[in-house]
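Got a structure here, written out as structure tokens. Questions coming.
Chains: A, B and C, in written order; residue numbering restarts at 1 for each.
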Amino acid sequence: MKKLLCIVLCIALVSTMLFACSSPAATETTTTEPTETTETATTETTETAPSSGEVTTITVLRPGDEEKVASFMEPAIAAFEAANPDINVEIMYESWTGWIQTYPTYFEADTQPDVIFWWDNKLYDSSAHEHIVNLSNYLSADFFAQIPDGVWNLVSTGDMDGVYYVPSSVDTFVLYYNKDVFTAAGLDPNSPPTTWDELLSAAKTIYEKTGMPGIGIPAITGSEVLEEFVGLFLNQATGAAILDSSSMPQFNTPEGLEALTFLSQLAPYAQTSPTEYGRGELRPLMRDGQLGMLIDGPWAVPTFKAAYGDDLDNSPIGITYVPLAANGNKIGWAGTNGWIATRESTAAASAKLIEYLMSPEVLLAHHLAYGSAPLYESEFDNAAFQYDYWKVYYDEAQNWTLYGMIGRNSATPAAYYTALEEVWQQLVLGQLSAEDALAAATAAAEGVTARNN
Amino acid sequence: MLNRESLAVKVIRVFLSAAFCLFALVPIYSALIVALTPYSNMLEAQLFPHYFELSNFVSAFDLIGDNILNSFIYATSATLLTTAISVPAAYAIARYRFKFRRAVLFSLLLTQMMAGIVILPTLYKTFNALGMLDSPLSLILVYSAVNLALVVTIHHGYFASLPREIDEAAEIDGCNYLQTLWRIIFPISGPGIAVGAIFVFINSYNEFVIPLFLLSSAKQYPLTLTVYSLVTDTTIRWHIMAAASLIGIIPPVAIFTFFQKYIIKGVTSGAVKG
Amino acid sequence: MKAIHRKRIILSLLPLALMLLFIYAYPLLRVCVSAFMGFTGSSAGKFVGLKNFQIIQSDIPKTVATTLIWTFGSVLPAMVLGLALAVLCSRDFRGKRAVVSINLLPYAIPLIIVASCWRFVYNPDFGIINIFLKKIGVITDSISFLGYKNALLSVIVARIWRATPFAFMNYYSALTTIPAEQYEAACVDGANPVQRFFRITLPNLKTITASTLIVLTVWTFLVFDIIYGMTGGGPVDATKTISMRIYQEMFSMKNLGTASAWSLIAIAVLVTITILYWKFMDKEDA
């Protein structure tokens, strides 16, 4: 009995040691599976680096599933280091959730990575803003030219003079629909809805004929998905971004009301209890034929590919453009992610790394590993992007007027999501009429802006 | 005469016991079913497991192995630090009547009642100013501080039950204060100290809010943060999350079950976190 | 008191005092100051009076109500269940040790994992309750346990699950201290088990009931992990308790002022309860 303390501590120490011994093995298994395409990237690097004695060490972070990130990042970094012996790169891993939770702490503590895969709407984020480095002097004009103009327009960084952010992936929404469900509901699986009216009637038909939800509405709490879903319809109807450059709401118009009215009509044909579903919960329903339609980004593709193989063109999953509002304007939602550098002292090395990560081979490997749509037209040369459905994403990004993520001019972008989410949840739950939701959302957005002034 | 039992009483007891156990086990059982199911079959209705995908546990362990190690390091350090601070303090409180004794006891009670979340925003700013954010050291300090009141209470109760003659005898033998504490009191207080240590260890291992505020680097995450970061990832990997949860609860559950008797004693000897 | 004793006391208590000052006293002081300071835009760094409270004013009634329902809705049932379980286990029977161990199990599980396990139970697509109810034909459509109407109740059930073992442990050991003679005397008087429970067991459990009630109340009041992990405070504001508000103001609104204002409200409640508890314990000791 007297030895109890010893026993407790011994157990703790022994287990500690056991885990210490077993963990190196654990890290090895997750990191040694480079994909075929990334190997090509490795062999094609022929740049010669200036040989100076000093070695700069920088850290790089691409949030996401460690396996996916490691599969393209590790070979790319190995090749980069080989070509640049004066730069030493450490790769960090964070899940998206973990990263969103903790990036303010990283920046406050000044322990953030030197190079980060960032969002275009968080350049003014009060935690990060003053850390983000202007890369104009470190990158060449040729480099900027290789990124399509449409993409640059999307990420105009307001009054931040210079290039602070290099867009690396553009994620647009498309309409996924399950052809089997369409057939079961007596709809033609080869002519998916192209307008809001058709969308509504298809959702209604599926709901009434099959008992399945016609459309999936991702409305789970604490995520950005619902605001992005509602925002898409508001963008289309109003032809404007959600917030203007001084972060004031622009949707309080008859067109905005039209969009919210449409959503309140659509909501009854969505899955029961929309607030229990995010996109991650809806995708398996679509995959298993328990949901008619789903508006989602290219991130949904891996879930469907896992079930039906690479060729989704010949699968039950249909992929088409997001239906248009009555005004017929080709306006879509898009979010971009891209690279930022966060320290002036390592900016030169960081810029070199960003340039390398944006080289076509690495970018292709990145997009393939993570399920993003092509950014360069040259990516279509790769076999994986040969299927027709990838054109849908590419077209959405190239040929549409795009309004991206909200809060880009604000010190607290996340606050708008939080404030608007409550209103949109009430709208899709039928607790607020379209008129009341419009007023409440306007007040909520103005409230957040007022707090920051 | 109290042992006479009708059949009805027996039936009721069996029924109630079963109901209570069912309630206690359902969430863990659910997690087990999910953990054994491959991702692609997740939507199937399963009252009993249809699949035995043990590789889920392997993938989960690959993901959280390092974090369990972190949790162990933090919890063990916090346990040692808390014990080191608490033993002399509790001994002084148990042995002496001094002016601010009640004030000390009241502040201890107050800290015990104060959940971390109310002070964490300002603590975050303080640590930030000191350059101590995202550091295991600050984490261990806070773990230790939030458990101090509880451990001092437990130690205090234990020391108060030791006969005073022991340390008087030690003093006569020429031991100074520290020697008395280290050579005489510490060795015979094993059970009391162990109960305190078990609580600090389990509480620290289970802590979520404090690292949520104070840590940022994923490689420093304790297990609890990593499990949560699986919840809302882009593709929700329910199976991995469930397997990680089940692996993660093994240490506290094992310690708890093994030391059950002492823990019940600790709970009743002083207020203990519920 | 001898000087040497004074020195010993001070040295013994010094580390404890430093810890509590650094981790509790100073941050608490800062909460009290920050609640009246501005942190955003033009008011940053200035004294703003009650402005932070005005900002959160409209949320206060609903949030406080939700917090109270959450607290008492989970504490009271947990205590009743804990007592029932303790009475059940107060006698020896075959398998008692297993029943005790199984029912103590939830107490050792991290709250955030409690949340994720209950999310599996409640899941509308593969949750075990929905599947079971569908199998026995009670329902055809899934119950949305974490939907707007049921969310608060559902998180409360998870909290009850985690709090019951604590009440159980307290009652279980308190029951062993009731002198057997009292029961024997009652038996001689011809009291049936129900009468014995109300005449002897309950009165003897008064003290433990009071302290368990207070302790569980205080700790449930600001539980964060379970709600954060299960609903994130939603849908809408269905499960937004004070602790959810503190977190939201701090990390989504990035406003230490309003976060501190919420903290101050919670602190006021906690300090009041602590003082009442202190007085109560004094009376019990006397």
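Keep in mind that, in the parts below, contacts are C-beta pairs under 8 Å (C-beta built on N, C-alpha and C of every residue); 3 or more make two chains touch, one makes a residue touch a chain.
Because the structure is a prediction, the values reported are computed rather than measured.
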Touch-based graph of the chains, sorted into line, ring, star, complete or other: complete
Chain pair with the higher count of C-beta pairs in contact (A-B, A-C): A-B
Chain B and chain C: spacing of chain centres that average the CA atoms, whole Å: 16
Rounded Å distance between chain A and chain B, as computed from the means of their C-alpha atoms: 37
Chain C, residues touching no fewer than two other chains: 125
Where chain A touches two or more other chains, by residue: 101, 220, 222, 281, 284-285
For chain B, residues contacting two or more additional chains: 42-43, 124, 228, 231, 255
Interfacial residue positions of chain B with respect to chain A in the complex: 39-40, 42-43, 61-63, 65-66, 68-69, 72-73, 75-76, 79-80, 124, 128, 131, 133-134, 187-188, 190-191, 193-194, 197-198, 201, 212-219, 221, 225-226, 228-236, 251, 255, 259, 262
Interface residues, chain C side, partner chain B - complex: 1, 5-6, 8-9, 11-13, 15-17, 19-20, 22-24, 26-28, 30-31, 34, 81, 84-85, 88, 91, 93, 95, 98-114, 116-121, 125-128, 131-132, 134-135, 158, 161, 163, 166-167, 169-170, 172-174, 183-184, 187, 211, 215-216, 218-225, 229, 243, 246-247, 250, 256, 259-260, 263, 266-267, 270-271, 273-274, 277-278
Residues on chain C engaged by chain A in the complex (per definition of touch): 40-42, 55, 124-125, 141-142, 144, 146-148, 231-237, 248, 251-255
Residue ranges of chain A touching chain B (in the complex, touch as defined): 1-5, 7-9, 11-13, 15-16, 19-20, 22-23, 26-27, 29-30, 64-66, 92-99, 101-103, 105-106, 108-109, 111, 220, 222-223, 278-281, 283-285, 288, 290, 299, 302-303, 306-307
Chain B residues within the chain C interface of the complex: 1-2, 13, 16-17, 20-21, 23-31, 33-34, 42-47, 84-86, 88-89, 91-93, 96, 98, 104, 106-111, 113-115, 117-126, 141-142, 144-146, 148, 152, 177, 202, 205-209, 223-224, 227-228, 231, 238, 241-242, 245, 248-249, 252-253, 255-257, 260, 263-265, 267-268, 271-274
